[in-house]
Structures are given as C-alpha cells and as structure tokens.
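Below, chain A partners chain B and then partners chain C, in two separate complexes.
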Partner chain A sequence: MYFLEQLINGICQGSIYALMAIGYAVIYGVVGLVTFTYGEIIMMGSFSAFYYFIAFGNNLWMALIAGFITAALVGVVVHKVCYQRFLDAPRYISLICTIGMSMFLKNLATILFGSEMKGMPTFFGGKFISIGTIRVGYLQLIIIAVVIILTVLLTIYLKKTRMGMRLRAVSQDKKAAALVGINVKTTTLIGNCIGCGLGGVAGILLGVYYNSVLPTMGGMAGLKAFSAMVLGGLGSIVGSAISGVIIGVVENLGIALTSSGLRDVFAFVLLVLILFIRPQGLFGKKGN
Partner chain B sequence: MIDRIKKLYTDNKTIFLIAGLAAMIALPFLIVKGSVMSIIVKILFYVILASSLNIINGYSGQFNIGHAGFVLIGAYTLAILANFGWPIWVLYIVAGIVTAIIGFLVALPTLRLRGIYLALVTLGFSEIMRLVALNWTALTGGPMGIKGIPSPWFFGLRSTAPHNYYYIVLFFVVICLFTSYRVINSKVGRAWMSIREDDHAAMSLGVDIRKYKSINFMFGAFWAGVGGALMAPFYKFIDSSMFTLDEGFNILSMVIIGGQGTLVGPVVGSVVVNLTTEIFRFADEARLLVYAVLIISMMWLRPQGLAGTSKSVIANRSIRKSKQVLLSKLSGKKEVK
Partner chain C sequence: MLKKILVIVLSLSLLIGVFAGCQKTEEAGVIKIGVAAPITGNYAEYGKGFDVATQMAVDKINAAGGINGKTVELVLMDSKGDAKEATEIARKFTEDPEILAVVGDFSSTCCMATAPIYTEAKMVQISPTASHPDYAGMSEYMFSVMGRQDAEGPFVAEYLAQKYVGAEKMAVIYLNNDWGVSAHTNILKRAEEIGLEVTAVENFVDGEKDFTATLTKIRQTNPDTLCLVMFYNELVIISKQIKQMGWEDVKIIALGPGISEQIVQLGGADVEGIATSTPFMVSPDNTVAVAFKNEFEQKAGFTLNVHSACAYDATNMLAKAIGNLGDNVTREAIAAELSNMKDFVGITGPIIFTANGDVFRKYLIAQIENNKWVQKTDYSYVD
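Our next item is the complex of A and B:
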C-alpha cells in the first residue's frame, strides 16, 4: 500500500515535471536554443503567486493566471537579452547568455525577496479521498487535472489555430516558414512567452504542492524540466509529458526503496542510462 | 587593441614568457598580505580548471558543462586518501589519474552523443557525483564534509600559508600550460581540432574519432582532478556544496570570457572573473549580479572572448564583414572597409 501511495505521489509530482517539460519543449522547439534560465522563470512564477496570495487573498485559479502572465513577461526580457541577437550565431553564445541571465535573476530574487524560505498557503484544507487504505489529496487531483487541461489546451492551440500552425512551422524550419510569409521574429517571441508562461504555472503548482517558495528553487526544477525534455526526444510535447511523469514516478519509488536524500540521483541516473541506450531520447526519431 | 597586444606578444615571445615567469616567482616577495595572496592562489586554481575545461570544450568542440564533477573527484580522492596517510605529493598525481579514469568512463557514452545530449550527460554526471558525495556519509563525511586535510611538506616547511602554497600551485600551473601547449601542437591536438571543425571530414581523413575524443576527455579530466586535489589542502576542508553545477558554470564562464580554443584564454578569463568578483566583494550579494552582467555583456560585445581573435567565426562582426566583402566581390564593386 505504501508503494501505491508513493506511486500516486510520483504521478502528481511527475505531472508538475511534465508541465515544466512541455513548456521547455515549446521554447526549445520554437527558439531552437537551450536555455538555463527556465528554472528561474519557474521561480518567478512561483513568487508572483506568493505575492498574489498576500495581496488579493487565496484564489488559486487567479494566481495561476497571474503566474502565467508574470512568467511570460520575464520570458520577453529573456528573449530580448539572450535569444534575439543570437538566433544565427553559434549556439553556445546564447547558452552562456542564459546562464548569465539565470545567475542575474536568481541573485536579484535573493536581494528583492530575501533568501529565506517562504510558506505558501494550504489549499483545500489538506482534505483527501480514501480509497481503501490509500489516501489521495484533493490538491494532488487538482494538480494532475490542471496539468492535463493545460496540455490539452496547448495541443488544441498548436493543432487547430492559425497561430499554433505558425508556431509549428517555425519550429520545423525557420527559413521555410519565413519564405511562406510567417513573421518568424514575432512568432518566436510568442512561442517563448507561451513556454515560459507554462513554466510559471508549473512553478506555482510546485510551490503549492511543497507549501514553500525559495529564490534558489529554480535550479533543480529547471534541470528536471530540461532532463525530461531531452529524455522525451527534443521538442516533442507528448514525449516530454510522458518522460516528466516517468521521472517523477522513478524518483518517488526510488525514495521509497532507499532514503530521501537520493531523490535527485535517481532522476539523473535514469537520464544517463537512457541516453546511453537510446541517444535520441525515449520518443525521439533516430538520426536527429 | 587586443589584437595589437597579441602581435606584440608573438613578436617577443621568449622575453615575455621569461619575464612573466620571473614576475610570478617574485610575486610572493612583493605582496605581504596573506588575504591578497590567497586570492592569487585562487586565481591559479581556476587557471588550471579553466584550462582543463578549455581542452575539452575549446579544442575538441565537445560541450562539457559539468566540469565541477571532475574537480570534486580530484578533491575528494586527495582528501580521503590523505586521511589514510598517503603522501600529498603523490596524491596530486593519483587524484589526477583517478579523475582521468572517471573521465574515460564518462567519455564512453559521449562517443555516441553530441551537442545537447552530451551536455546533458556531463551535467547529470556532475550532479550525481555531488549527490553521492553528499549522501555517502561513511566515505565522504556527507554534509559535514572532510576536515583537517594535511598540507604537503615543502623544503622542510609545512606549506599551509598562501605564500608557500603559491609555489606548489604555480609549479602545477606551469606544467599544465606547458603540457597543454605541447599536446595541442602535436598530432593529437590537430586531431582534436579537426574533430571540432568537422567530425565527418576528420573521419574521412582517417582520424579515429572515438580514440581522440576519449583521450581528450581523459586529458581534460586529469587536469581538473589535479586542480581539485590542489584546492583541498589549501582550504583544509571540502564539502559537496563547493562543487555544485553553478561552480561548473563558473568555470565555463571563465573559459568563454577568456576565449575558447586559445591557450591564454582561460588564464585571462580566470584573472578577469576572479578579480571582478573580488573587487565587488564590498557589494555583497550584488557581486554576483555584476558577474552576471559581465557574462551577458561579454556575449553581446565580444563573443569570441577577450583572447579570441576577431577573425574567428564566432565573432559576429567579422561574419557580417566577410559577408559584405563577399557580396561586394560578387557584385563587382570595391571592397568595403
């Protein structure tokens, strides 16, 4: 029974990772560059919710929207500083830029918000549903539901709307997209903002799930998102979502078997092993 | 201006090198303050670390972003074995060799991987090493770290003071730069550079990519291990929080700011970065903001690094210029200056 509970915890946590990874996959797909600022965007989203709760009371849904907007705005800044100039330059230039940006945002947040851990409010009064002896928290169900809804919305947006079609075109081939009359610059910016916004929402869910926010929370979260995205095959949304959940489940089952200090070890060992066996990621196409 | 300095240097190479070395040897006699000296020792540590990363990133074009993992292995190897009573002088080399072996193991999967996947494996490796060091309390002291690492004997003196330890580090820095220089100008170094430029072309010319890539990783890892091993007796205390990913990024930034793929680049980068962060130490937390701004503005203004040539492909400006030249040639106009 203990394992089943851990499995549910894993799925819940994994779904947060999945949302982060989806955001990352959108950014990577559209911009075509690796970013290390993503963790800090997650952190910014989380902090915006923290201050939203203080200013306007505990409304989770509105906070999610506020977090999306804040993270998207930070995304615009990141885009202007780190990507726009370097889209055609060697890739490592923008990568180093994102490392610098991540350092900047992290330390700015430490100075502005203070380095101590801050508590998030509890939602749904810690209620849970009992199925036999297993407990499933309301919050866990809500988190999984939010992630599923956002994923479906994103898929619809990408598949059905004209803007989504443009985003897909740009992520497939920038030059060809420009040839058929798509404004590549604007589209890249919008794609980056959507990805960052999703990251911000995921950051809020993470903060609410653990009841805490920290300026340094972004580092590990960003790495998990990056790992899940690479594991799922670069830029594949479905792949990223599935590998996010896999990472979450493996972590929690690993903790159940050993000690909780080794949580992150499992994620990275899994990552290295899978890349060793399948260099193109779990759902990637060969030859990429 | 930087190009002019470089020309002056290449014209009088031997004089500059001898004068530089003499100045380095005389340095502890000129500086009395121990705190200033320990900053200089720290700069020298980073010269070794950045140079070793430059071997991997700059010369063979592999993208290693988890260099802190190698440094960690070197430092912990020395600290653990020193507590068993091994002589420190031997341990510097042993730590390097152990790290090189680990480097080979990391290089195994990377032979199949490229670009972002390789970056991610090195990143994962670095974090795994840190977390293992944090959790394997029996061997590494876990979150408590390892305390009381002994310093080596040096001409009958225990070299704990920065003024004495400086010479040990300087000795290794000189060897590191010299071996790097020799290797880079040998067949091996040319093979690395051919892999960096175009691995398919290198393969078609008969370069054994797998062999040279693993040699490259082992060489880089060896010096990272020696660098880490040098750090441990100086600080007398190590714990896993000294080797986070941010530390790896820090080393990477030095390489990039100094100039990838040049021998002096990492030296310049290490000096510039460490001096900037030390000068702004009064600004406390904002110090890292300054560093971050330095990194970003460097990428905007001089992406090839301080020591990199402006003719490099990486320099945006020269691309634009060469494109203009090409266009003007094609259209039969005069060359644009």
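Our next item is the complex of A and C:
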C-alpha cells in the first residue's frame, strides 16, 4: 500500500517531467537542435503564475493560460535572437546562443524578481481522496489531468490540423517542406512557441507542486526535461512523455527505498544505463 | 582615428588605476575588517542581516570616535553560502595586509572550509553563527558567537520536543551538510537518553524542493512530532507540503532557522504553530536591545533575527579586542586578546569564549502565533 502511494507521488512528479519533455521534444523537432534555454522558459512560466496569483488572486486555470502565453512570448524572443538569423549558419552558433540566452534570462530574473525563494499559494490544501489506506491529493490528480489533457490536445493538433501537419513536415525535413511550399520560418516559430508554452505550463505545475519559485529553478528542470527526451528517443513525443513518467517514478521509489539526497542519482543513473543498452532511446528509431 | 582614441582612453584608465592604488596605501588611520556573508543565494536573509548588523556596529563605533582615533571600515564579500566562494574570499582577505580580522561566515560548512586558510595567515575568523562543535576548536584563530550544536541539540530533544510540545514519537528531517549532520546527531543522542522514540530519520541535500516522497515515507511511521533541522526555505516548503498532503495531526518543531521572519512571510497560515529554539529574543524591558532591534528593522526591512544580533556582537567584540591592543595591533595579537576577554556584554548577553573559542548558551522557545514569533519560555525553563 505504501509503495502504491509512493508510486502515485512518482506518477505525479513524472507527469510534470513528461510535460516538460514533450515541450522540449516539439522544440527539438522543429528547430532540429537541443536548446539550453528551456529550463529558464520553465522558470519564466513559473514566475508569471506567481505574479498572476498576486495580481488577480489564486485562480490556477487562468494562471496556466497566462503562463502558457508568457512562456510562448519568451519563446518568440528566443526564436528571434537564437534561431531565426542562424537558420542556414552552422548549427553550433544557435546552440551557443541558447546557452547565452539561458544565462541572460536567469540573471534578468534574479534582477527583476530577486534571488530569494518565493512561496506559491497552496491549492486544494489538505484535500485528498482515500482509497483504502492510500491517499491521493486533489492537486496531484489535477496535475496529472492537466498533463494528459495537454498531451491529447497536442496530439490532435499535430495529427489532425493542417498547421500540425506542416509542423511535422518541417520536423522531418526542412528542405523538402520548403519545396512543397511550407513557410519554414513561420512554422519553426510556431513550433518553438508551442514547445515553450508547454514548458511554461509545466513550470507552473512544478512551482505549485513544490510550493516555491526561484530564479535558479530552471537548471535542474531543464536537465530533467532533456534527460526525459533523450531517454524517450530524441524528438519522439510519445517516448518523451512515457520517459518523463518513468524518471519520476524511479526517483520517488528510489527515495522510498533510500533517501531524498539520492534523488538525482536515480534519475541520471537510469538515463546512463538505458542509453548504454539502447543508445537510440526507449522509443527512438535506429540511425536517427 | 578611432583606434588612437581607444589607445589614449585605455592608457589613461591604466594611469588612473595606478594613482588610485597609491592613494589607498597613503590613507592612514583606517582599520579594515573583512565581512564574509551569504548576501545572495539560499541564506540571503541571514547574509543581509550580517551586512546591516555589522555596518550598524561600525557606524556606532565611528560615531564615537573610532578605535583609538582610527575609523573602522568594513570590506563586505558575498560567499553565497558556498564553500568554494568562501575559500576564494578567505584568500582575498588574507592576501590583503590591511585587513586585520574577519567577521563571518554564516554556515559551519563555509567556516570550516576557510579555517585552514585563515589559520595559516594567523588571522581571526569570528563567525556569528557557525555552531558545529568542531569548528572553533580547529585553531586558536577560529571563534564562534552563537553557541554550539551540542548544547542546542539536546535542548531541542529534551525541552522543546519532550517537555514543551509533549512529543512521544518523533521523526527527524535534516539538511545533509556538516551542520545538519552534527545537529541531528546531538538531537538523536539525547532523544535516546530520555526515552523519546525516533520513528524515522531522513535527510536531503541543499536545494531540494520536492519532499512529497520523503513525507509519505515518514507518515508511514506515524510520528506525533516532526523535528526539522534546516533553514527557512526548506522549512517553509516542507510545512506547505505537509498541509498539501492533508497531514493534520503532526506538530512541527525546528532547529536552525531561529526566529526568521522569512518563515512567517513565505509560509503564511501554513507555518502557524511551528516552535523553535533560540538563544536570544528581544524582551520589551531591555531598552538597549529594543533600540537595536528598531534601528535594525528600519535599515534591514525585516524583523531582527538571532543571527544578525550575533553578527552585531561579533563585530563589537572584535572592535573591543583591537581597541584593547592600542598601537600593537597585529592579526596574531587579536586572537589572544579575544580569547582572554572576560568582560564583554553584547545584545545577546555576556559572551565569554571557552578554551576552544566558542560559547555555551542557554536557550528559549519561540512559537509562531497569529503570524508572529512569540516567546514562550524563559531561560529558567531548563531545570
């Protein structure tokens, strides 16, 4: 029973990782590059919710929308600065540009918001559903639900709409997409914004779940998102989602068995082990 | 053309640098004291308090004519609560011949990391807050003002946990660093001696944000009291996550954060009822302390905590030692003067160093009631 409860903790934490990883995978898909700014996008989303709560009261749903929009707007800036001008340049230029952007955003946040930790309001405080002796918090259920809904929406968008089709085409082959008349620049921008927006929402969930926001929170979050995406097979959305949940569950069960000090050890040893056995990731295709 | 201008500007700026250097060494009649404090990072509230309190002490000394006619100047550096940064600062301080002694750092980890560097330079490091039992004994140049873990830990177990909140089964979560390990060991030792059952002991590394798994694990063992050995950020996060998971029937006590205002501000209703031990709290009939508290709060913008009061005392003590030495001030002599000082009374009470260079203190219990820290017991609670 106890392990079941820890499993639910893990799934909840893992679903936040999954959402971060999905956003990352979308960005990786359309841009074709890993980004180091993603952690800071997550942090920006989290802070936007923090200030939303102060300004307009504790409405989680509206804050999620506000966070999505803020993060997407930051995504536009990242796109203009780091990608747009370097689409045809050597790829490492964009890569290094995202590192610089990450430092810039982190320091900007420290100057604007202060370096100290801020407390998030408690949502559905103390309410939980009892199943036998197992307790599942309302907040945990809401987090899992939000992640599932967003994943389904994204899948519908990518598979059923023309815009989504264009996104997928650009992900597969930029030149071929351009040849059939797709505006690669605009499509990349939209894909990047959607990815960042999802990151922003994940950041809010992270902040609410941990009850805290911090300008430096993006570093580890970005690393976890990256790990989940790599574990799932670079750019695979389904793979990223499942890997995110796996990392969360492994972390929490690891803590249940040993101590919280070893949290990241479990996450990253798992990453190394799986890459050792399946270098293409859990759901990646060989030769990608 | 542009190049020429650039060359001229650059060489001018170099020249200015040279003259600035000259001026510095010619300036006489200044006593420089280093301050190492975590101005940013996880312990920023304490660092800010150090900054304000040490500056207040120095302003007061300078207003009264300085030390033997010399004005005192502080050189503040930000260690970020990071031992690597702290050792860098220690190197800078020891290499600057003008700096006579150092007030700082905040954490035992930083102080113990820098101790060998200061010792080699025969320079005093007087820490307002380091409470690890091994720290002050590391050399004759290391001092600590706030008291030792092996006095506070047992107090927390016997008086705060067992006598005050009436704990029968207690769980402990501690911050995994030098201080946390030593502090929680002292609690566990006394808990065993007095028959207080400890159901679980968990730890975390600095920067951890998600305690859900740890708390779920601890709740399985069904303790009636949770003892948190950590500072304000994690304390608040844990209290919030306890509320979040609907765990109502547990009392929270804390060792480490002191009467920190950040806890009340960040935690709001979720930290109501938390009790902690503190060596010092301003009582209304102590006019000197009240005046200090008011001035501090006006300058710092937050409520006076014990750590800042200790920083104030540490600075004054150092100034007194330097003053006693007259014209024969050397880095080495300050250490001997400090350990022989028997008549210093600070804001936090009389301070007399033990042979190791630290202080044994008595403790009070404070609790959060209606969003405010309230003193609940006096020094006679220990019988």
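Note that in this section the second predicted complex is superposed on the first by the 288 of 288 C-alpha atoms of A that agree within 3 Å, B and C clash if a C-alpha of one lies under 4 Å from a C-alpha of the other, contacts with A are read in each partner's own complex, and residues count from 1 in each chain.
Everything below uses one rule, namely that a contact is a pair of C-beta atoms (placed from the backbone, for glycine too) under 8 Å apart; a residue touches a chain by one contact, two chains touch by 3 or more.
Since we're looking at a predicted model, the values are computed, not measured.
When the two complexes are overlaid on their common chain A, residue A:N183 makes contact with neither chain B nor chain C. By the touch criterion defined above, A:I93 lies against chain B but remains apart from chain C after alignment on the C-alpha atoms of chain A.
When the shared chain is aligned, chain B comes close enough to touch A:L271, but chain C does not. When the shared chain is aligned, chain C comes close enough to touch A:L139, but chain B does not. Of the two partner chains, chain B is the only one touched by A:M101; chain C is not.
Once chain A of one complex is fitted onto chain A of the other, the partner contacts of A:S259 extend to both chain B and chain C. After overlaying the two complexes on the shared chain, residue contacts for A:N59 are found with neither chain B nor chain C. In the superposition on chain A, A:Q6 contacts chain C only, with no contact to chain B. Of the two partner chains, chain B is the only one touched by A:V81; chain C is not. When the two complexes are superposed on chain A, the residues of chain A that touch both chain B and chain C are 110, 259, 261. By the touch criterion stated above, chain A contacts chain C in their complex at residues 2, 5-6, 9-10, 12-13, 110, 115-119, 122, 124-128, 135, 137, 139, 209-212, 217, 220, 251-252, 255-256, 259-261, 263. Chain A makes touch with chain B in their complex at residues 34, 36, 81-82, 85-86, 89-94, 96-97, 99-101, 103-104, 107-108, 110-111, 219, 223, 226-227, 230, 234, 259, 261-262, 264-265, 268-269, 271-272, 275-276, 279, 281.
Chain contact summary for the complex, chain B toward chain A: residues 63, 109, 112-113, 115-117, 119-121, 123-125, 127-128, 131-132, 134-135, 245-246, 249, 252-253, 256, 285-286, 288-289, 291-296, 299-300, 303, 313-314, 316. Chain contact summary for the complex, chain C toward chain A: residues 40-42, 44-45, 176, 202-205, 207-214, 216-217, 220, 233, 236-237, 240-241, 243-246, 248, 262, 265-268, 270.
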